[in-house]
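For reference, the structures are reproduced in the following blocks.
In what follows, chain A forms one complex with chain B and a second complex with chain C.
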Partner chain A sequence: MRLRRITEVPEFGVITACVVVFIGVTLLKPSFANPSNLQVIGLDLANYGILAIGVTFTILTAGIDLSPGSLVAFTSMVSAYANANLGVPMLLCVVLSIAVGAVIGYLHGWFITRLNVPPFAITLVTLTAAAGGALALTKGQPISGVSDAYLTLVETRVAGVPVPVIVFTVVAVGAWFYLERTYAGRQVYAVGGNIEAARLSGIPVLRRLLFAYVVSGACAGIVGVLVIGRIGVGDPSVGSGWELDAIAAAVIGGVSLYGGEGRVIGVVAGALLLMLINNALIVLNVSPFYQQVALGLVLGVAIVADRVRAQRRGKPRPRRLPRSVAGSGSASADDARATAATGAGPQQG
Partner chain B sequence: MTATLEDPPLLRLRGVSKSFGPVRALADVDLDVPAAAVTALAGDNGAGKSTLIKCIAGIHPPDDGEILWEGRPVQLRGPADAAALGIQTVYQDLALCDNLDIVQNMFLGRERLRRGQLDDVSMEQAAARTLSDLAVTTVGSVRQTVASLSGGQRQSVAIAKAVLWESRLVVMDEPTAALGVAQTTMVLDLVRTLARRGHGVLLITHNMLNLLEVADRVAVMRQGRVVDVRDRSDADERILVDLMTTGRTDREVA
Partner chain C sequence: MAEGPGTQPTRHAGQGGQTVSLRHVAKTYGETTVLSLDELDLRFGEVTGLVGENGAGKSTLLGILSGIVTPDPGSEVAIAGEPLTTGSPIASRTAGVAMVSQEFPLVSQLSVAENLCLGMRPDGARRFGYDGHAVARAAQRMLDGVGLDVSPTAIVSSLSVPTRQMLEIAKAVGRPSRLLVLDEPTSALGPVEADKVIAIARRHAARGSAVLFVGHRLEEVLDACDRIVVLRNGRAVDEMPIAEASGDRLIRSMVGRDIFQAAAGQHDGDADPRAVLAVQGLEAPGLGPVDLAVHAGEILGVAGLMGAGRSRLVHTIFGAIPATAGQMTLDGQVFAPRTPRDAVDRGVALVPEDRKAQSLVPGSPVRWNVTLPTVHHLGRHGIFGPATERRRATALLDLTSVRHSAMDLPVRSLSGGNQQRVVFSRWFGVDPRLLILDEPTRGVDVGAKADIYELIVGAAARGVAVIVVSSELDELFRLADRIAVLRKGRIDTVLNHSEFSKEVIMRSATGVAVST
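What follows is the complex of A and B.
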């Protein structure tokens, strides 16, 4: 009975997979579990994990954010440019990077809530434009000469734990607290589950949506700082495709692309599983081509598992397009309401 | 049942009108909704029933006319105004979130907090108490998601959600529209329970049999006007059909 309850925790599968992969690879190649290798996994996890948590906020509202990868490049270039070329102190550049991410996230939210632009479309704009902006800033050249403080930030270990991993932990705990312990977080789930019901219950729907995109943008800004420390320069081509890994981590962790379902613990486990597999394939000398295939397969298994779980609960998910692709649908709901209100509809007027 | 000057009804509409562009959805509507009774709103499609309850719910503020709450004139500019007075609306399309459980749905938008955090224990107890007060016993655990409930159970949860907020008037739009026979009986029993507990109930339904079974008073709408209000004892199916289609009747209750 007790065991059954544990296996019914939605995140059970992905957490088990993390443990199995870790033990399995360590048995094959003991160097996998070396502290230095674990630290490398930790640094990768920090980058992808923070992006995954940010993107989770938008997916929970039945939206999506395709921009994080490009935003990492753009915010890190802005930060490095201000620091190396304009002499702005590093700490201010950190704030600048996060603020730029948050402002762009706010703009996403603005277009989605005010103009009813589908999240998929508006963040696709940024995916393209921010990647271009990062290259345009220095005509494609990397920015060297950034403050050593970036490197110090990433290379400092507290009790053997790299600072980025601590940053990731803080972000994860903060996200968990917000989503599971505050009323605003619960309302994010309500918005993702049934936006019309949320509105009728008096929830400030637009504010919750807007906030989700601000969080996602700010998370990209944080990662923008961390990658400078990782590479040692501002690199305009960094982050390309990372948004897909972040979304994959969220989905593997049990976040439903239809919105309103999934927890931070699952996202953390999902990101960890991706990083463990990534690293394991390198340690085991698997060709990089097959690494992509393996990651795709993991994502496929996660999506199928999600469907199976949903059906076992007797809850066939709707066969409509996720709102992230189809737009928020509030316009059509308003039309329906107006039609109902006039009774017979406008054609009879 | 008639309200006197000393005893104003819970809700009184006087000369309420509402237009959408050229469409006159409500024309000079007068209606009293007393406490502790079920007032049914009958009428054909497009008669203005839904518009009327949306005026009462604050979604469509009327263009003209007066709304009196316990005799005092009030302005309903939004759903929050209506909720503050104690008017709760149960919508036809069931405004519940499938992904949340019963407790979370019942407290949606008004979550209880303890030291700044969600107070799930207190919310769960209050939700369970409200459901048992209303004799809603068919739902198993209050922690199951709404998606796993039947249509009748969902409707019961939606009604319980309205009651939880110390509502004085519960407005319902077609609460039995999508339900089977047994579930309809369950929901109608619940409607009667509300009135017995002192709530005013304003109910829209297309189903004449349900209406006659559950209502104390019947108001009939036609082309945006309330053409007749009478006690249940003075109405039968044929009289109501006459009123809905022509606005008048010569029949007596058989």
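What follows is the complex of A and C.
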């Protein structure tokens, strides 16, 4: 009975998969569990995991953010440029990087909430433009000569744990706390689950939506700092395609692309699983070409498993059915027609 | 207009040819029979009117004709003697049933011509590929056919709603059909266009088709039709040639003889003379000006036809639609909500009519749904733990006696009645001064209805001012102290409890003069 309750936890599958992969690979290749290798996994996890958590906010509101990968490149270039070329102190550059990410996220949110631009479209703009902006800043040249503090930040270990992993933990715990312990977090779920119901319950839906994109942008800014420390220079081509890994991690972790469902613990597990598999394939000497295939397969399994679970719960996701034709069922459509006639629907505002 | 059966354009085989005939057509959902017709004939060359209250079975009948509702076994529909395979939209269309209704809307991104010719190949069009010229020619013919002056290349989304409605009519009328069904074709139209539609219907019948005209506005039905059929509780209770029809007779037939007996003294308590909500000159697009007042402990019913602005009125009071003019006061203080949030903060609650689309977050657990408008009061500084939340959810669910074990289930897995109780619990949680209910028992089974009524009466007894919008007059009679009747966005009549009468309400809602 108790076991059954544990298996009912939606994230059970991903977490189990993490454990199985870890134990399995360690048995095949004990060096996989070496502290040095674990630290490498941890550093990768920090980058992808932070992006995944940011993206999760937007997916929970039934939106999407395609820009994080490009924003990592852009914010890291801005940060490195300010530090190396303008002599701005590293700490300020960290703040700058996060702020730039947050501001761009705010702009996403502004276009989505004020002009009703689809999130996919507006963040696609940034996906392209920010990657270009990163390149344009130095005509494609990497920025060397950044402060050693970046490297120190990434290479410092606290009780053997790299600082980026600690940063990731802080972000994850903060996100968990916000989403599961505060009223505003709960309202984020409601906005994603049914935006009209949320609005008619008195929830400030636009504010919640906008905030989600700010979080996602800020997370990209954090990763922008970490990658400089990782490679030692400001690299304009870094981060390309990372947004898809981040989205994949969220989906593998049980975040519903329809919005309103998913938890931080799942996202962390999803990101961890991806990183474990990536690293395992390297440790096991599998051709790098197969890494993409493996990622795709894991994603496929996760999506199918989610559907199976949803159906086992008896009720599939609501689909639009033809409206009821039983006698009294047509008042709402008719009112809606008349409302449309006057140009002001209850869905505005 | 004279009958012209000889001009019927389409082939028909066998005898009994000149009608669309329905025999023993019935539809039951579970225990409830929503339609049961022994015999109904729609003659070619005639416009037949169909009227009835909400829930009389009109939509079901239209659904059966168009194939989206499968009637009970034994139901027979034949067009010109050929039996129609029921329950298949394609079979209906092939047999020549054309329908103007919201079921088959326009594709708003396409042009007028593309919409008009959607799903058909115009005469003389090239065999392969898309023949834009033929489409444009055919479209222009269809537009001319209804006298609609709009460019065939215009994109539908750029057109006004009345024009779109005319376009839908053009689309249906322009295709070969033996039965043209017009479901409330004038609901979005002004008087001039409405007359046009009537003329189109008459012309179409004169060419030999059967036309079924479903309408709410009785004058239009009287104008358009050769014969009128009245549905009540799923049965054809009256059928008359136009010469014998009158607004009075139609209303009497629609309402039936069961004039409501006021339950004496039930609601005649002394209401607080000071209004909780007072509305003056309230206006919004398609609404108003509206004046009304609701007192503490009073239940104000709002009646009206579909599209009369009932939902718009309550959404405007709730701040979900911005008001363009007028003042409101709540407990004597200025009340001007710009968003639902403002309204909720002042103690106004709205239970919207479409539970799935407007009330519930279907995939979220019951405990999330029940605390939705009050989460920010959970815990200190808006931070709460699971225990706090469960305590609160338990207390809220107790208000409407929903079992606690449902708390962690997704709310969509509950029955309609229990879902509605969750919604009531949610709003009782804000301790409302004014409770607005839009169709509170829609999609709720009969047993649970009584419970919902009890909750509503209970709230009023606690001193909450209540507004109930309902299409079911019986429901309003049972609950309301007063009933306001809306017509075309304005309050037409307000009835006190002793004056309640279905006849008066139907007259007021349909705009039929008292004497004929």
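Here is the rule we use: the second predicted complex is superposed on the first by the 318 of 349 C-alpha atoms of A that agree within 3 Å, B and C clash if a C-alpha of one lies under 4 Å from a C-alpha of the other, contacts with A are read in each partner's own complex, and residues count from 1 in each chain.
The working rule: a residue touches a chain if its C-beta (ideal position, glycine included) is under 8 Å from a C-beta of that chain, and two chains touch if they have at least 3 such contacts.
None of these values were measured; they are calculated from a predicted model.
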Touched partner set for A:87, first chain B, second chain C, both or neither: neither
Which superposed partner A:30 touches (first chain B, second chain C, both, neither): neither
Chain B versus chain C as contact partner of A:288, first or second or both or neither: neither
First, second, both or neither for A:241, with chain B first and chain C second: neither
Chain B versus chain C as contact partner of A:260, first or second or both or neither: both
Which partner reaches more residues of chain A (counting touched residues only), chain B or chain C: C
Touching partner for A:187 - first (chain B), second (chain C), both, neither: both
Overlap of the chain B and chain C footprints on chain A, listed as residue numbers: 181-183, 186-187, 189-190, 193-194, 196-198, 200-203, 260-261, 313-315, 337-338, 340-346, 348-349
Chain A-touching residues of chain B, taken from the complex the two chains share: 20-23, 25, 45-51, 54, 59-60, 79-80, 83, 89, 91, 93-100, 104, 108-111, 113, 116-118, 145, 147-148, 224
Residue ranges of chain C in contact with chain A within the complex: 29, 34, 54-60, 62-63, 68-69, 102-103, 161-162, 184, 187-188, 234, 284-286, 306-307, 309-312, 315, 318, 320-322, 338-341, 343-345, 350, 352-354, 356-364, 368, 371-373, 375-379, 382-385, 410, 412-413, 426, 439, 442, 471-472
Residues of chain A that touch chain B when the two form their complex: 180-183, 186-187, 189-190, 192-194, 196-198, 200-203, 259-261, 313-315, 337-338, 340-346, 348-349
Contact footprint of chain C on chain A as seen in their complex: 181-184, 186-187, 189-190, 193-194, 196-204, 256, 258, 260-261, 313-315, 317-318, 322-323, 325-335, 337-346, 348-349
